[in-house]
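The next part holds the structures, each set out as structure tokens.
Okay, so chain A shows up in both of these, paired with chain B first and chain C after.
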Partner chain A sequence: MRSKILIRNLYKIYNEKKENEFFALKNINLNIKCGEIVIIKGISGSGKSTLLSLIGALSKPSSGDILVNEQNIAKLPDIFSSQYRNEEVGFIFQSFNLVDGLSVYDNVKAPLVLSNINQDELKKKINLALEVANIAHKSQQMVSNLSGGEKQRCAIARALVNSPSLILADEPTANLDKNNSLIFVDILKKFKQLNKTVVVATHDTIFDNLAFVDTYVNIEDGAII
Partner chain B sequence: MLSNAIKALKANALKTTLIYFSLIFSIVSIFLISAISSGIISMYSSMLKSDGDIIITQAKISDTFFSNVDINLINKIDRLNGVKESSAMIVGASPVEKLPIVAVYGVTKNRLKNYKLIKNNYPKQNEALVGEAIYTNLKNKNSISIANKDFKISGVFTSDVGFENGSVVINIDEAGKIFNKSASMIMVNSDLNANIELLIKNIKSLDTNIDAKSTDNFVDNYNQFKIIKTSSNVISLIAFAMGLLGIVSIMSITINQRKSEFGIKRALGISMKKIIYSIMFESLILGCLSFVSAFLLSEFALYLIKHSSHLQGYVNGEITFSLALSIFLTSISMAVIGAIIPAFNAAQTDPVSLIQGNRI
Partner chain C sequence: MINKNFVDFSILLLLKDKKEYLFSFFIFTFIVFLASSILFISDSIKHDLFIALDKQHQIIVKNTKSGRYTPLSEEHIDSILQISGVDNVKGKVDGYYYFAQDRRYFHIVVDESLDEHSMIISSEIKSILAKFKYTTQFNFLTQDGITSLDIKKVIKSNIISNDVILVNEDIARKILNMDEDEYSYLDVLVPNNSEIDFISLKIVDLYPDIKVKTKNDLKSDYEYVFYYKGGIFMILYIVSMISFFILLKNQISSVFGEKKREIAIFRSIGFAIKDIIFLKFIQNSVVALCSYFLGVFLAYIFVFIFGAPLLKNIFLGHDASHIIFTPIVDVKTLFVMFIFTVIPFLASILLPAWKIAVEDMSEVIK
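Presenting the complex of A and B:
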């Protein structure tokens, strides 16, 4: 199977060459294949979220390469990294990161504002994402009125709406109760069926020993162990 | 883009309202100060322009109020080639009843026809003709006292010029006794084909203590107008700066509170450029809305000012198309310039720290 993400000699150093220099990631090498589900495990502060933000081109590494679909995204200028995030990546964040003043529908629509698709196609895409995430019945509600689980499902719908090939989830169950966490695990299975490449950064034991997960990666002090 | 901007503005209703009001107050200030100053200039200009082709005042004097010209010059001027008619006027001011200051014009008899009568007759000795705005304010509608001298009201006139409509007109010899001068200025009407420059030269040669200018030249170089214009520009600039500061500060607070929203948008692949555009577009919408509101408010305020009996029509303002256009452009610049720095701050911050909620 061909590589979806290939990470080589990746470093992320904060306050480089200063007294308080900090190595968030040290010499990370990782190969994730297309359609794989990868769980990155580690305690808080181990560097797993930093790794996720680098794969998502949300921030830039200090050195090393990140090849996604054989294209190095490590040093992309803003316009191209934005395009990469918009077309290739779906994000699911720990605190959901929804825009409070907007409805579920408008939040899910947000990644599509740049696309040139017509209104009918736009509605179709949004409704499909809402159905997959099982939140269609709340589409007109303001996100500030949703429960934690509903917010998470709204965030999932938003991550899916652009039909990204790569989904990055950072501590997706940290703000969920056990039932909603299990629902998320089920959605993960759906992602697998949809042949999405998924990288989840978590310290939640609910993700331990899942049969459909392809790879578990353990991170400690910024290095893979 | 428009619907997204409106949703974003609605989602931050309080801050949007604060920016909206900040803009409105600044724009109304600019509107009123500009309209009133140009209104005053336009009123005085049209009053002077209706008086003739050449205006003669005392030489080397800064204002017509202090000018003293020998009225007997009229006889010499009338004999000059190209002169149709000349008249003289004393410009003074006096309290009348409860009104603290009322313009008093002492005029030669041939100028009285300039005042359009709406009631009774032109004034004779010991009589005064009063403007409509003053007349409606008077308790005693039979006589008025100017500098402790009583004048019987001979008639009432009306004028589109606020300075005239709120004034009292008496005969120039009586005004001369009150204000202790011969004439503030002499106005000359020339023949249709007269050479104005030559006429001015000839008038100046009659007396070294006088200065003669064509009416247009006089209006263009009138010191009071320059002072009014400069003051108006300075106050407008201050209002602009205040509005700008208001927008920058409120916009910075708003954007600081919306940092996670911009972080989310950045994470979703909206480019920095697009975020800057969206913030500036929101500000642009506010600029346009504020301009429309400020325009309506200013028109209403000017209507009230124009019809306030306390101001006797002296303070008058008009919003011309060119004034409205220049203030519209000012409003838009204020909104856009005010949003630039906060927009760049929002767009240049790392999306990770924006999502985590770091300060911009």
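Presenting the complex of A and C:
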């Protein structure tokens, strides 16, 4: 199977060459294939969120390469890395990161406003994402009025709306109860069926020993063990 | 790429945060309103003064003795006419009549078209006279006794005409107690503008007590009094500027905090730095343009329709209640004000927004 993400000799160093220099990631090498579901496990501060933010081009590595679809995203200028995040990546965050004061519908619409698609297509895409995330019935509700699980599904709908091939989820169940966490696991299965490549950074044991997960990666002190 | 969806979304976010933007909107509108009102008032006053000035000849000559103005005579006219370059010298009669009952001075100005029994007064004078039941005529107390004049017409009060009573020249002399060959000032006509200063000096050489003012001197005097650098204008501009900087500070701090997180969210879903800048540009342009045009519009209504209550008294004193401002809009000055208010207003948002957008956002949106 073709490589979706190929990481080579990746380092992320904070406060480089200063007294308080800190290696968040050390010599990471990883190969994730198209359509794989990968769970990155590790305790808080182990570097798994940093790795996810580098794969998502939210920040730049200190050195090393991150090839997504054989294109090195580590050194992309802002305009291209933003385009990559918009078209290729769907983020799901621990704290949902929804825009308060907007409805579910408008939150899900946000990634689409950068593309010049017509209103019909826009609505179609949003409604499809809302259906997949099972939050269509709350589409006109303000996100501030939603429960934690509903906010998570809204965030999932937003991550899916642009049909990205890569889903990155950072501690997606940290703010959810057991039931909603199980619902998220079911959604992961759905992603698998949709042939999405998914990388989940978590320390939640609910993701342990899942049959549909292709790879578990353990990370400790910034290094894969 | 900027498109209709993006613009619609920017406006949606603007409406979402309308409470925050309303504060900026009202403060900015007030600042523009205050600054525009001052501009409109000063421009209108200057316009009326300059119109009046244009009707005068190039040199005005007044006589003084012990520092006080005294009348000029035919002899002065004859001597000044001898100066080469002077085409004509006209003796003018005007002065002030003290109306003791109201402790006010009326400006007596000659209008040759009037007969010896009538006068034209300003609406301000009309209201003063009406207080003392002089509704159709007024009795001037002169050296020769009482001179009664009928009110023929009432003219609008502006900066020039506010305290004016127009009368026949003979009546003016009677009221002001001036003899046949006496004049309040002389209007000197000099056809060649380049000779004005030289002829002014010649007149002073001839009569050292005489005060000579050229049209340009008067223009400078008016400019000084009603220019934005002068007195009360400056104070009001400083107040506007201080308010404006408070507004800018509020703008800048609004970008940090919750807005910082919002910017990071948008960055995470694919907004480039330029998209964030453009998003903020659209939102704040809407606020700034609406505030600016509303402020200018309200100032126009306030000054030219309602006569700038309160501000008028600050500029022209308590006797100015009937003064009407001639509607004058200096587009150039308004444009300069636009540049100096709208651009800093936008910059106060766009620069911090850019600063946040370029930061590593991964820590903000965990």
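Brief remarks on what is shown
In the analysis below, the second predicted complex is superposed on the first by the 225 of 225 C-alpha atoms of A that agree within 3 Å, B and C clash if a C-alpha of one lies under 4 Å from a C-alpha of the other, contacts with A are read in each partner's own complex, and residues count from 1 in each chain.
Criterion: contacts are C-beta pairs under 8 Å (C-beta built on N, C-alpha and C of every residue); 3 or more make two chains touch, one makes a residue touch a chain.
Nothing here was measured: the structure is a model prediction, and the numbers come from that model.
In the model built by aligning both structures on chain A, chain B clashes with chain C. Taking chain A as the reference, the larger set of touched residues comes from C, when chain B and chain C are compared.
In the superposition on chain A, contact of A:L122 is made with chain C only, not with chain B.
By the touch criterion defined above, A:G56 reaches both chain B and chain C.
In the superposed model, A:A110 lies in contact with both chain B and chain C. When the two structures are aligned on the shared chain, A:F91 is found in touch with chain B and with chain C. Residue overlap on chain A between its contacts with chain B in one complex and with chain C in the other: 53, 56, 58-59, 78-79, 82-87, 89, 91, 93, 97-99, 101-102, 106, 110-111, 113-114, 158. By the touch criterion given at the top, residues 4, 7-8, 10-12, 260-261, 263-274, 350-352, 355 of chain B touch chain A in their complex.
By the touch rule above, chain C contacts chain A in their complex via residues 1, 3-6, 8-9, 12-13, 16-17, 261-262, 264-275, 358, 360-362, 365-366.
Contact residues on chain A toward chain C in their complex (touch as defined above): 49-50, 53, 56, 58-60, 78-79, 82-87, 89, 91, 93-95, 97-99, 101-102, 106, 109-117, 122, 158, 162, 170.
Against chain B, in their complex, chain A makes its touches with residues 53, 56, 58-59, 78-79, 82-87, 89, 91, 93, 97-102, 106, 110-111, 113-114, 158.
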